[in-house]
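So that we are looking at the same thing, I have put the structure below in structure tokens.
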Amino acid sequence: MNYPEIVRIKEIVEENPYVKSIFIPFSKTIEPGQFIMVLIPGVDEIPMSVSRIKDGEISFTFKRVGDATGKLFEMEIGDVIGVRGPLGNGFELRGERILFVGGGTGIAPLLPAAEKAKHLGKENIIVIGAKTKDELFFVGEMKKLGKLIISTDDGSEGEKGLAADIAERVIDEEKPDMVVTCGPELMMKRLLDICVERGIDFQASVERYMKCALGLCGQCCIGEGLRVCKEGPVFDKDTLIKCSDFGVFTRDASGRRVYFG
Amino acid sequence: MVNIGTRISELKLRNPTILASGILGETSGSMKRVASCGAGAIVTKSIGMKPREGYPNPTAVEIECGILNSMGLPNPGIEEFKKEIDEIDEIDIPVIGSIFGKDEKEFAFLAKKMEEYGLDAIELNLSCPHARGYGLEIGSSPDIVREVVREVKKKVSIPVFPKLSANAGDIVDIGKAAEEGGADGVVAINSLRAMKIDIHLKKPILYNRVGGYSGKGIKPVAVRCVYELSRELDIPVIGVGGVETWEDAVEYILAGACAVQIGAAVYYRGLSVFAEICEGMKRWMEENGFESIEDFRGVALK
Amino acid sequence: MVNIGTRISELKLRNPTILASGILGETSGSMKRVASCGAGAIVTKSIGMKPREGYPNPTAVEIECGILNSMGLPNPGIEEFKKEIDEIDEIDIPVIGSIFGKDEKEFAFLAKKMEEYGLDAIELNLSCPHARGYGLEIGSSPDIVREVVREVKKKVSIPVFPKLSANAGDIVDIGKAAEEGGADGVVAINSLRAMKIDIHLKKPILYNRVGGYSGKGIKPVAVRCVYELSRELDIPVIGVGGVETWEDAVEYILAGACAVQIGAAVYYRGLSVFAEICEGMKRWMEENGFESIEDFRGVALK
Amino acid sequence: MNYPEIVRIKEIVEENPYVKSIFIPFSKTIEPGQFIMVLIPGVDEIPMSVSRIKDGEISFTFKRVGDATGKLFEMEIGDVIGVRGPLGNGFELRGERILFVGGGTGIAPLLPAAEKAKHLGKENIIVIGAKTKDELFFVGEMKKLGKLIISTDDGSEGEKGLAADIAERVIDEEKPDMVVTCGPELMMKRLLDICVERGIDFQASVERYMKCALGLCGQCCIGEGLRVCKEGPVFDKDTLIKCSDFGVFTRDASGRRVYFG
């Protein structure tokens, strides 16, 4: 039943001044890359990637950006939220050397993905980028999972520059079999182009405004009717190349096109 | 040879499965996908005068016998929607533009626009069960329905199909008013006004509290409406509500429907539902010696 | 200590589960059995002026999300029914006499008889979805409903509960008319007008073609009706439609109902359904710190 | 799903000038004593006991008494009817020596019951009664299943007299452990009284007017709300003793009491 299960918050971790993780009981199987719909009673219900997968428990990790995340940010242990999921597909980790590139809150779904990759015996290279040092998170956990490269737009930590630029260099140096990414769409689009050029396997987790999360309303469609809530949020290189809107425009809650950049 | 083609007024469909309004009908890409999955026709998302964001989430949940939704008529507005229509030239099945408005003037304006955009027919959403000021209030008054249809028909020359609801008023009265107004067919039914209260939250689960109920739980009501409308009206009836399998589609056609729309089943059965229903219906027709839809349409009315 | 007792107007119930009309309420023996199974009250089968055989079979079948029936109001007639009532002295829960008639005079006459027989309250079946001349036609007109209730109230001093339907007209309008007429509470909803066509027979499966749909498939519609009526009326609302589990009963009470009636679930869950719902509800109340039904009744309305 | 399955008649056997058996495909398990609802399209749907149980096939055996049975009587192989079931409970064959007493069409359900009893290694004594020789049926089949005693009211075959009278004598002679009966209610009531007096185990298959056959409408109730379609049609001695209406009145389609005798 694709219906919210009402649960109590088990634990809250402040990842940085702007980002928190909320832990909730979750008894179903969920794969890295899959997401849940988080119901904040009386406020909204929003999509959140799973950021940690434990036994009977998961977390999601979010930045305060508006009403719903703002309310979540103020919540305390024991508070009640609703959870629908697992929804969508997960990452498929192919090849032996995987480069993970996460930008902003896009770092969140990469943590369980890199953990799984490590568990499968793969060699991980991880690039995480943020505007500034303060906005980084998961640094300690990521370090344990592979070779970690940090980038900040302002150079306050790690390398200075855009994650996509850093990633391009790392791709050429490290020659990964696959790039797995989540973050701003323009960053993912650049990585897609890079991987197409170089013939490297690629997966990206795409964000679109979501309403029904049942694959019905069509609100979240990209390309030729691919539902991010159903066929996504993770898409392959070959699929995304054919999406003429990927990296070009997204849609607001009314379905109007909103161009990037 | 079995032929599952059907006609609704002047529209010719390769098969009687139509994508229902509000399901994947908002973007050019999703409409193309549905067409390529074998649907006989497509109804667009209901489009209004201005962009509307709709209600906050939750806007849709699965409940025991169907789907409960209260999207709140989100849509990019008729102007912006042109972009989508401009991109669907390659679709070779009829595309029906669904519209909603607050009065006959808005309906007429929107219909004209849809015709200009090149769509093949108009569906009038007179019956949205949850958006205040649209739908229910309009769709439950025979006089308003007659008037809206009449005004729209004055403006456009493509077929016009009002979509009726079983929420308020006698659906046959409304259907007759639509016919008097000049409708080329009627669509029945929109989702049923309904509610799910979550006993843990102790509140309605949808943000908007009240929503529209679709899926197999409403099929018995919808089949009854199609049966009654087919019996009482001379214009074609399109059946909607809980069509999931070829058996469901056959049931509607036996009740008099010349085509069925499919909404919630896209969730339950996936996008292959159109092709699967067509396959099953063909097999059944062969077994029963029917060569065309008309051979068994309305047989249950006798 | 949790107390699941409830009140509907002046009736005091040991618990909020009531046997719905038309279910095992025709013979003294079956009424005694239901009382001994833990129901909080019993509604009799709807009784009319004269004996009626009802329709030929099939009169009831199970369908996907519920039960479809078209009994056709079979009943032994008000005179003969006295024999049954005379035999139920030992029942120590309220017994509510359900009646149907073709006009306010018949309703008033029947109500008076039921009062004379010693019953505790009257339920007016204004809303049978399938018996021509009774029910639908009466129950969809606010004016007739107001008048029927008024005439009945003039004749009897026990509480009078009209039973409303969601089949035609706005249920809130009908509910308000009932309240204006002096109703002591309303019951919502009767089964939904519906149909099942058998694709093998190519005919409606019920002899009477159209029937009333009950069971879990109608719950979302019924909960919405109870919610809207509770919000708009000052008199008690009794919820009916698809109550099968304690969760369902709690949902109705959160929507404002002071009691629920149980019909189709007697098929799905057996006669233990009354006791099971009470047990579950008590447990839930304890866990949630509610001491009485009033503590959580209507919470979802806020 | 308690919903008619539409089937084609496989075979029709004329048991005597007034009684026919219709064979239909039936893939579910059904026990002797259980019944089905037979839908005669456009006419009626009526209860019928299972009279033969074969692999994937059953029969019911009926007398032409009115509209529905009249129409059934005219049906041919290949004609279409509907079947709901199995419904109700079956006989419970207890003890070693069982006396079966069937009157009129009440003989029908006793055939599979006696067959089962034989199969279970019990010793069967069978009394079947009819008004006259012509109305007897299942004689050949019953003979193979135990000691058969035939009674007719007019003495045209077997012993002359009422089946209940004959059965009383047989009970005293044969001392069965149990009496299993189906037939006119006054006959069954007499047998009940006899068995109570003598402390003999007893089961009877009761007939009541049926509508929903779902246990909902209450039309078929006897005693303290026992639903013949659900808790019956087979009832034990202890249950029937407590039914003050058993053998006293039944109810017509409107629910009015119709007194026997």
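So that you can tell them apart, the chains are marked A, B, C and D in the order they are listed, and the count of residues begins at 1 in each.
Following the convention adopted for this analysis, a contact is a pair of C-beta atoms (placed from the backbone, for glycine too) under 8 Å apart; a residue touches a chain by one contact, two chains touch by 3 or more.
Computed from a predicted structure; not experimentally measured.
J.: Which neighbours do chain A and chain C have in common?
T.: Touching chain A as well as chain C, we find B.
J.: What whole-number Å value describes the gap between the mean CA coordinates of chain B and chain D?
T.: The separation of the two C-alpha centroids amounts to 52 Å.
J.: How many angstrom lie between the CA centroids of chain A and chain D, rounded to a whole number?
T.: That pair's centroid distance is 69 Å.
J.: Using Cα averages as centroids, what's the distance between chain B and chain C in whole Å?
T.: Here chain B and chain C have centroids separated by 33 Å.
J.: Counting only Cα atoms for the centres, state how far chain C is from chain D in Å.
T.: Going by mean C-alpha positions, chain C sits 36 Å from chain D.
J.: What are the residues of chain A that contact at least two other chains?
T.: none
J.: For chain B, what residues touch not just one other chain but two or more?
T.: 63-64, 203
J.: Which of line, ring, star, complete and other names the graph you get from chains that touch?
T.: Chain contacts: open path, no cycle.
J.: Of all possible chain pairs, which ones touch?
T.: Pairs flagged as touching, ordered by label: A-B, B-C, C-D.
J.: Which residues of chain B touch chain C in the complex?
T.: 63-66, 68, 140, 168-170, 192-197, 199, 202-204, 209-210, 213, 216-221, 223-224, 227, 247, 250-251, 254-255, 284, 296, 299-300
J.: Spell out the residues on chain C that touch chain D in their complex, using ranges where they run on.
T.: Spelled out, the residues of chain C in touch with chain D are 22-27, 29-34, 45, 51-54, 56-64, 67, 69, 71, 74-77, 80, 83, 198, 200-201, 203, 205, 207, 263-264, 266-267.
J.: Provide the residue numbers of chain A that touch chain B in the complex, in ascending order.
T.: On the chain A side, the touching residues are 1-4, 6, 37, 39, 41-46, 80, 82, 84, 210-219, 221-227, 245, 251-257.
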